[in-house]
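Each of the two complexes below includes subunit A, the first together with subunit B, the second together with subunit C.
This part shows the complex of A and B:
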């Protein structure tokens, strides 16, 4: 009733504008993904709309051409160790930061987030120059370490959130019942963190898999991940073949993201 | 605090009673904490702080300020700095508007269809690597691309958006939108329904409620989100290079040319240092204004 009385013309205009932006936003977010999928099922040489030659040739290329097969292999060779390394480095440090008496806890916690805040280009140039002098450009372990440190802040935030939600004194209970410090840590704290560790491994993997900036600088000429192969294809020539790849990898990563979100929701009720 | 003193007193009593227990403190001992964080600490020293220091050292490579002088006087580099700054500002504004609408819809809409469409839409950019996203935008914005075909089919002329700053802005907004929406969702969740109902019952219309209640209450959230988006877009490498085309003047492009074509390491380092100083300066300023904790919350 009151709504009817006070609703004036400007409210209608405002709400209409809001609606229009809302619809544009949804189209803006979803259309690109649909277009990738659409184009992956066509074999057009040039980018036209609408595409005219349907076929699965691109997918066939993807799984038969040595260049893409190698790229997929290299991607996994780098991203799986990088994801595991991230968690291996982050989890003990996150537990230590949360559960020990530390004077500058706030400052240290903020330090953990710094890699997120340095502009990516500048950061990549810095690492590149160091690797250049150390002869590490193109070295797998060099790439793996950088990728895992770059993914560390996000992983730290996930693990810290999980740690803060754990009942605070479970490990203390375990110790008061006679468990050693190590046993309490591994059998109680770490075990309860397993879902968070799984989520953060997944996100670190996605991060490394999708990264093109660091890999472009650090990989050197001989090493090409999927993202770098696509970058090279786009920066120097436009290859429609890329579309097929995009389709496959978008579905692949989408699946990982959804699994990650589900695990996160299921295991960390707010 | 009370917990730890309680634990300590229990342990103390047990010992006094001669029970066979070890005295223990509830916190991890300092040496163990240090041991647990040593590996990542070393990695951070080597791969976060050393690169930053190295850039600064390298930028003075020839023992003078030549690299900075050139960065501040070379017209190409100056233009690149200008373009990068205004493009980042534009990305920030567009992202904030879209993110505000999306986050507010997620907060208030009761339609399951709309909410799931928005969530799926937000997951899409996250599932695509920046290179893949850029490919799609080339397909959409290209001369015979989707957008122009649609425009032509309704009788409008084509627009040459590809390889312009406009294309870079569109692609960057697409990449950064999830990062802008999530902190705003958190911000909006702190505005209680009661406040909105109160505004409405006092006779405020939709626009008045938005303008006098929602907007003022979300200023800190909008500010932090804006800073985050701006800083992240400053550092973009892939998008300006691919979407900006070969003649684009962005800092990323200048750095790439200096490093890979002219082998001018001091030059590339000086540009990188400038980029870093601008970004970290803005972050420091933002933290001073809103506090560290709020800022951290926006990150994840």
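This part shows the complex of A and C:
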């Protein structure tokens, strides 16, 4: 009886410890985000802790200053085409790698994941050198192309996971019923991949939107996305305005993630 | 009518299907039966046109379809996993092949209703596949495959994913639908009972080759070779010597001799193939081989009881399955004499 109780007590201690670690981990993950959000609702000129002058001045500033508005515009100009291009690359790649009889399938699949595995900065330096030679530094389409390649692995994995859940023989049935290979692919497989494609586009967009590294290397002085503007602003001084920008930036991305999750839930075949 | 002539599929050097020749008559129900890896599904895929063939010719109603695309063959296909289009209603699923053939809307509606009537599910047109049970889904798959009136229907283990009870029901359904719609059918399974219950003829496949092709009855009672005898008939095989004498055959097996009249069977060193139900405890008057045995185990199976016995110095294993009331009083470890009813046996080449 006593033994049993002791054991229970230890269990309780273990559980409590676990709970504490859990809470700390969550705090550690979201604290920076919360602090940035907190600061965005103050008007301190310097970063004090705790902040002292509450107000929406930063937001007002953000949405009226040309530099920030331009950055938002540039971000969209780059990220939307990059996201679309990513999906155009990723869907055929996933279908080919999953369905076709390909030699060295594993090696090819690994290649598709490389941009995700190589350290970002090193990869960016590599792209920079190539672009320098090709005269593509600062080129709009050059930037879009790189952003979509870098976003590709995550998008690829999303599409491939969805593809793996589809039975292989749906297309075959469609063909036996009189659909050409292409018609079968479009009517069945591609049609059933639409939700995954939407989520994958969204993730590619978020990926490109978050990127500062590649932009810093490839964009040249003229092109400043939101992420790069934050970066630049911090290079000269710790500007509280950055907090507001980061706050909006963050809320926007969170919103996209939530939308992505909802799309996925709603459309997943039960 | 489907004619396969020397159909071969090789992956590299390995032949998944090796010079397969067989004919399926119009309206006939043919089962391809074989253990896994015997090439039966590959053969089905070749007929459907999903897999390009390496050599040979396939004729469907006289037309050479060997190099024709799956879409243009006009062959219905049913898979084990039903493969209904999950984003379409039942109506749209059944109508898919008709749309591809550019039928008019009215004709399509009429035909789909007809098909749902045929499978006994007229109320489900608006539902989606995930709202149906497995058995219902498979019936819809059948309706979809038959809607455009193909002259040939291929089924790849269509009952494999269903529970036993539903499977028995579906067997009846398939028999009925085959009787009513009368397509030629090529049906793939590894289940002997399905082959017995459904087929007009059965093709036995092993390692990519057709080992035998005949009615289930003939394959069971007169197996062409030892593989058919053991795999299809589930027969026991005993080494035997056969010698023609006075218009009959004298067979020496299990250390005894008996006479049998089996026209056209091989002689010399052969194998005696016989089912467990045709071996029973001898009640005085043995009509075949009288074989003394020791009973190693008695397994009660309800209607029947299985006696697992061994015979002679080499402990040859003999299994006898008898009506349970005949097995009363037989106990493990006791000695008895079995009557191997030689007139029911078949001789196959060793």
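To be clear about the criterion, the second predicted complex is superposed on the first by the 248 of 270 C-alpha atoms of A that agree within 3 Å, B and C clash if a C-alpha of one lies under 4 Å from a C-alpha of the other, contacts with A are read in each partner's own complex, and residues count from 1 in each chain.
The rule we apply is simple: contacts are C-beta pairs under 8 Å (C-beta built on N, C-alpha and C of every residue); 3 or more make two chains touch, one makes a residue touch a chain.
This is a predicted model, so every value here is computed, not measured.
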_One more residue to check, A:154. First (subunit B), second (subunit C), both or neither?_
first
*Classify the contacts of A:175 with the two partner chains as first (subunit B alone), second (subunit C alone), both, or neither.*
both
*Touching A:56, do we find subunit B (first), subunit C (second), both, or neither?*
neither
*asked:* Taking the superposition on A as described, I'd like to know which of subunit B and subunit C A:115 touches: first, second, both or neither.
replied: first
*Touching A:186, do we find subunit B (first), subunit C (second), both, or neither?*
neither
*Mind telling me which of the two, subunit B or subunit C, contacts the most residues of subunit A?*
B
*May I ask you to decide whether A:167 touches subunit B, subunit C, both, or neither, giving the answer as first, second, both or neither?*
second
_Interface residues of subunit A shared between complexes with subunit B and subunit C_ = 169, 172, 175-176, 181
_Quick check: in the complex, which residue numbers of subunit C touch subunit A?_
48-50, 69-77, 79, 81, 83, 85-87, 96-97, 100-101, 130, 141, 144-145, 148
_Touching residues of subunit B toward subunit A in the complex: what are they?_
3, 7, 10, 24, 26-30, 32-34, 36-37, 39-41, 43-44, 47-48, 50-52, 54-55, 58, 97-98, 101-102, 104-105, 114, 117-118, 120-140, 142, 144-146, 148-150, 174, 177, 200-201, 203-208, 210, 231, 234-238, 241-242, 251-252, 255, 259, 265, 268-269, 272-273, 275-276, 279-280, 283, 292, 296, 299-300
*Residues of subunit A touching subunit B in the complex*: 2-3, 5-8, 10-11, 13-15, 18, 21-22, 24-26, 28-33, 35-36, 39, 46-50, 88-90, 92-93, 95-97, 99-102, 106, 109-130, 145-146, 148-149, 152-154, 157-158, 161, 168-169, 172, 175-176, 181, 206, 209-213, 216, 226-227, 230-231, 234-235, 238, 242-243, 245-246, 249-250, 253-254, 257-258, 261
*Residues of subunit A touching subunit C in their complex?*
167, 169-170, 172-181, 183-184, 187-188, 191-192, 269-270
